[in-house]
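First chain A sits with chain B, and in the next complex the same chain sits with chain C.
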Partner chain A sequence: MLTDFVGVIIDGTSYGAMLFVIALGLSITLGLMGFVNLAHTAVAMFGGYFLVTLVNQLAWPFFVSVAVVVVVIALASLVLERVVYAPFYRATALDQSLLTFGLMLMAGGIVHYFWGSSQQAVRVPEYLEGRWYLGDLSISKYRLMLLGTGMALLALLNWGLDSTRLGAMIRASVDNQRIAASMGIPVKRVFMIAFAIGSGLAALGGALGAEVLGLDPAFATRTLVLCLLVVVLGGAGSVNGTFFAAMLLGICDIGSKYYVPEFGAFMIYVLMAVVLLYRPQGLYSLVARRRAA
Partner chain B sequence: MNGNPLRPLLDRSRWRAPELVFWALIIAAFFAFPDHRSLGAQVLVTGIFALSLDMLLGYAGIVTLGHAAFFGVGAFTAGWLGKYGWHEPVSALAIAAAVAACAGALGSRLVVRGTDLSRLMVTLAIGLVLYEAANKATAVTGGIDGLQGIEFTPLLGLFPFDLMGSTAYVYAAIVAFVTLYLVRRLVHSPYGLSLHATRMNRRRALAVGIDDGRTLAISYIASAAVAGIAGALTTQITQFITIDALGFGRSADILIIAALGGVGYLYGGFIGALVFVVGRDLLSGISPAYWHFWLGLLLVLTIFFARGGIMGTAARLARRLAQRETQR
Partner chain C sequence: MKPRLRSCLASCALAVAAAHTPTHADEKPLKIGVVTEFSGTYASAGQSIESAMRAYMKLNGDTVAGRKVELILRDTGGISPENARRYAQELVTRDKVDALVGFNFTPNALAAAPIATAAKTPMIALAATAIVTEKSPYIVRTAFTLGQTSAPMATWAAKNGIKRVFSLVSDYGPGHDAAQAFKDAFTAAGGQMAGEIRMPVSGMEFAPFLQRARDARADAIFVFVPGSEAAIAFMKAYNERGFKQAGIRLIGTGDLVDDDSLPAIGDVALDTVTAHHYSAAHDSDLNRAFVKAVQAQGRKRPNFIGVGAYDAMAVIYAAAKKTGGDTDGDKLIAAMKGLKLDSPRGPISIDPATRDIVQDIYIRKVQKVGGELYNVEFDKIEAVKAR
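Our next item is the complex of A and B:
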């Protein structure tokens, strides 16, 4: 009983940790610029596929590959932001959705063309394989690593937002873009950096989470749904809200699939419907509350 | 004449020459392409579905990612009727529309609240929940095998559905005309003006006494009914239905079709449907993944260089030509 429960919690939280890492960039773009970026999970998908190529085919060390993937995708996203996204910051939600939706469709096709339609598995280093046993309880080492990564990133991001100059500039831009700009904060550049960080995080989530989320050409569509859920539940633009919502979603999803398999896929939507009925702005919408005041 | 406050509305709702040409072409296509009537019927049905989405995108300003939900509800309603004893097609169409409208009413409460993003989410979730439900309830929906043995009596007791699709084409064309006529009346009515106002600026609409929630809810319900008609029509024409009708892919395709054609013009959906269905038919030999790649590229290029889709670009060109005329 209890060991089952602990197992569900660990699986759920490590799943949630990956969702947090991927969804955070989406939350930033939506919260900071109000840009609907449906192609965000496509970035995560490319992170996963690049890792597969580096580790499985070129036999690079696992964590070196992860670092390379994150840096390369973060830099590439800067170009994407300037060339493709920037002209649409003032466009309607419809145009933004359609543009990024088109990009997502293209990403699926590209991945299918280069890596095929079958599911890809990253070769995990030996020290992360297998499980630890504590009496009846067995814990996957890899999932524990995911959970640790998620926690570490939460701490790092909170510290970064609260105590660094860049964090202060990002917070100011979220609160009020126009006043931030008139105080001499380069809002445009702040956003570029935030966008690159978000894309890098997505790539990290996709690379590490491929094992848990499954990597195939439909990855972007499938995880997009989950990430949008996380952002909507948590409230766009809030790191802690995103974390909280991702954890809630992860535990709820894994738990309901384990305990009530016949309703497995419904629970998260029911959760969302209930939250939105009572809190249309999400659970942790500090931004919205501050703006309304 | 000057005293009539409805003058602008009456002006806008006048039938124009290009519209008459459009319907003339639909009649002409029946005779010009006798071998492609089935495909033509498919284009028309897809056009009706896209029209229902246009009501939301172009007139209410609601972006939805789950519109296939209502298409599916209509399709399955017609399927059950046809399978379990109600074989008369026209009344089945009306029942399907009513059921889809009820489904829309249930969903509308969640949809009209909140921001663009939460709407995107809620509509997506409505679609996914229905798909999951249909997937689980195999006894009712036939699961991935779909419903078999759907039968309908000849249209009006006179015209049986034939393999060539002649009856289907005429049937679809008439339903398309009637639906477009009704939607056209709706968006050019005083209600349509309040919808326009709500889309342009919700707060100001509220300030002049428009109940924004109710206005949006009505458009959502009406749109669901039209989507239900498209779904039911598809079932009646193909006599077959699977849960794909409810899938996310269907919602995504229709969003693309509406965007390609251009939203806010009523006819954009039909033009988009023509491009989409014929394009897919021509490229059907190619793997669906690559078809989606090209579709995505087309969408991105449309947003970049031809905002407003085909209709929007045509309208811009027409305006530019008119300007040149006056300058001369």
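Our next item is the complex of A and C:
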């Protein structure tokens, strides 16, 4: 009984960590920059496909490929930000949604054209395959790596936003663009960097998550819902909120599928409805705001 | 709207019937409308179907009873009842096809069934839910049903030392059929179900369901998922959960380790025992010719969907020969009933009462043959009726 429960918690937190990595970039662009970027999971999808190409076809080492994918996509997103996104920063949320939703659909088509419709299998290095056993309990090495990555990102981003110059500039630009600019902060460049970081995180999430979520041209559409759930639950723009929400969703989803499989994937939507009813601003945003004030 | 639609259908039917009455039109091509998916997530199924039908024409000639055979392809893009219905209607009214082939998704087949009835056009459906052939007297099935493959799997398991089984199936028609047929046959043979779970059909996260099944400590898990994407994701999650170390066997229907997805699944699949009607490794000259003809078109190898399409052509050819090239719908259907054919999968026949396929079901195990993974058949149950 207890081992079942601990098993569910282990699976849930590692699943949650993956959701965290994928949703984090969305939380940054949506929350900090106020831009509705529905194409976020499309960027993640490209992360996955680039990884597959590097690892499976060019036989590059796994983590080197992940690093290359993240850097390349972050840099490529700078172009995308200037050409496509920047003109829409002041547009309405509806315009932004339509633009980025269209981009997401196009991404599906592009991926289908170059990689085909079938599922791509990521070749995972041997040391990440299999499970570690602890009596009756066991955890997959890959998921443990995801959990570690999630924790590291949580710490890194908290530190980055709270204690670095760039973090302070991002927060200032978000709070009031005009005053920030008048203080000599290069707002435009700060947004570019924030966007690149968000895209890089998306690529990281897609690259690492492809193994667990499955990678096919429908990846972007399928995971967008999960990402939005995490961001809405956690409160956009809050790194800690995103983390809590991802963990909560991960554990609830795995737990409900394990204990009440008849409900299947339904439970996370109930959770979302309940949270939105009682705390429409998300779980964590209140705390975050109070601290910021 | 309804009466208007009905009168429209009736006039279609009249038009088609009129087109069929003269028998001196032997020079007219025999047109076959193929309604399946050539784009989208399931595009590989459509490609399997087309390449198998072309393989049949290559091996048996592109004329039958003095008439040239012509394929007209329509792309539904996936599970899309509206498209399937619209294309079926266009094909019978505008293109005046003599038979419809395809419909490998149950919703697509059900949507098009009334068109076949109204136009009196034989429709060879490849969908696997039991009820499909009941929906029109003009539907013939050359594929398989889940009951047909799941029940023999259960009987074999019970005979081979598997006493408790946990069943995991996708939560939609074919999954329900598979779970029910397996449970009935397994308990009747003295086995015991350790538990049953229906998994969301669109979900790709199988871990918690697998963990639940593993914790039930059964001798084996019985699995049905709808092939390709789902099968690859499922096998990956299965590999991760350490079933082999725990001594829990994996059994299922052949969709799980389909010839199309087997290379992508990889060595995890080794030793998986499944029951199905077709394997590209089936040992016969006819099958070797079929595999070669498909591969000659640049396809990797035919799979269970392909063999259904191949036999759809075989059934149409055989029926047209029997009627001497007359493609009146009623005559064709009458000719199809009771047909006995030699297929790349082995002997098959069309049950005259149900218009459903009767075929041998093989028990197979995934093994390496010449460095590649194949489902190697090692046991069979003869002449299993669809159910």
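Quick note on the criterion: the second predicted complex is superposed on the first by the 285 of 293 C-alpha atoms of A that agree within 3 Å, B and C clash if a C-alpha of one lies under 4 Å from a C-alpha of the other, contacts with A are read in each partner's own complex, and residues count from 1 in each chain.
The rule we apply is simple: a contact is a pair of C-beta atoms (placed from the backbone, for glycine too) under 8 Å apart; a residue touches a chain by one contact, two chains touch by 3 or more.
Quick caveat: nothing in here was measured; it's all calculated off a predicted structure.
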{"item": "Partner chain(s) touched by A:101 [first = chain B, second = chain C, both, neither]", "value": "first"}
{"item": "Chain B versus chain C as contact partner of A:254, first or second or both or neither", "value": "second"}
{"item": "Contacts of A:126 with chain B and chain C, given as first, second, both or neither", "value": "neither"}
{"item": "Which superposed partner A:117 touches (first chain B, second chain C, both, neither)", "value": "both"}
{"item": "First, second, both or neither for A:217, with chain B first and chain C second", "value": "both"}
{"item": "Touching partner for A:138 - first (chain B), second (chain C), both, neither", "value": "second"}
{"item": "Residues of chain A touched, compared between chain B and chain C (which is higher)", "value": "B"}
{"item": "Contacts on chain A seen with chain B and repeated with chain C across the two complexes", "value": "117, 217, 262, 265"}
{"item": "Contacting residues of chain A [partner chain C, same complex]", "value": "4, 7-8, 11, 15, 117-119, 121, 130-131, 133, 138, 140, 142, 211-214, 216-218, 222, 253-255, 257-258, 261-262, 264-265"}
{"item": "Interface residues, chain B side, partner chain A - complex", "value": "57, 61, 63, 110, 113-118, 120-122, 124-125, 128-129, 132-133, 136, 248, 252, 255-256, 259, 263, 287, 289-290, 292-300, 302-304, 307"}
{"item": "Sites on chain A touched by chain B in the complex", "value": "30, 36, 87-88, 93-95, 97-99, 101-110, 112-113, 117, 217, 221, 225, 228-229, 231-232, 236, 262, 265-266, 269, 272-273, 276-277, 280-282"}
{"item": "Complex contacts: residues of chain C adjacent to chain A", "value": "39-44, 171, 197-200, 202-205, 207-209, 211-212, 215, 228-229, 232-233, 236, 240-242, 261, 264-266"}
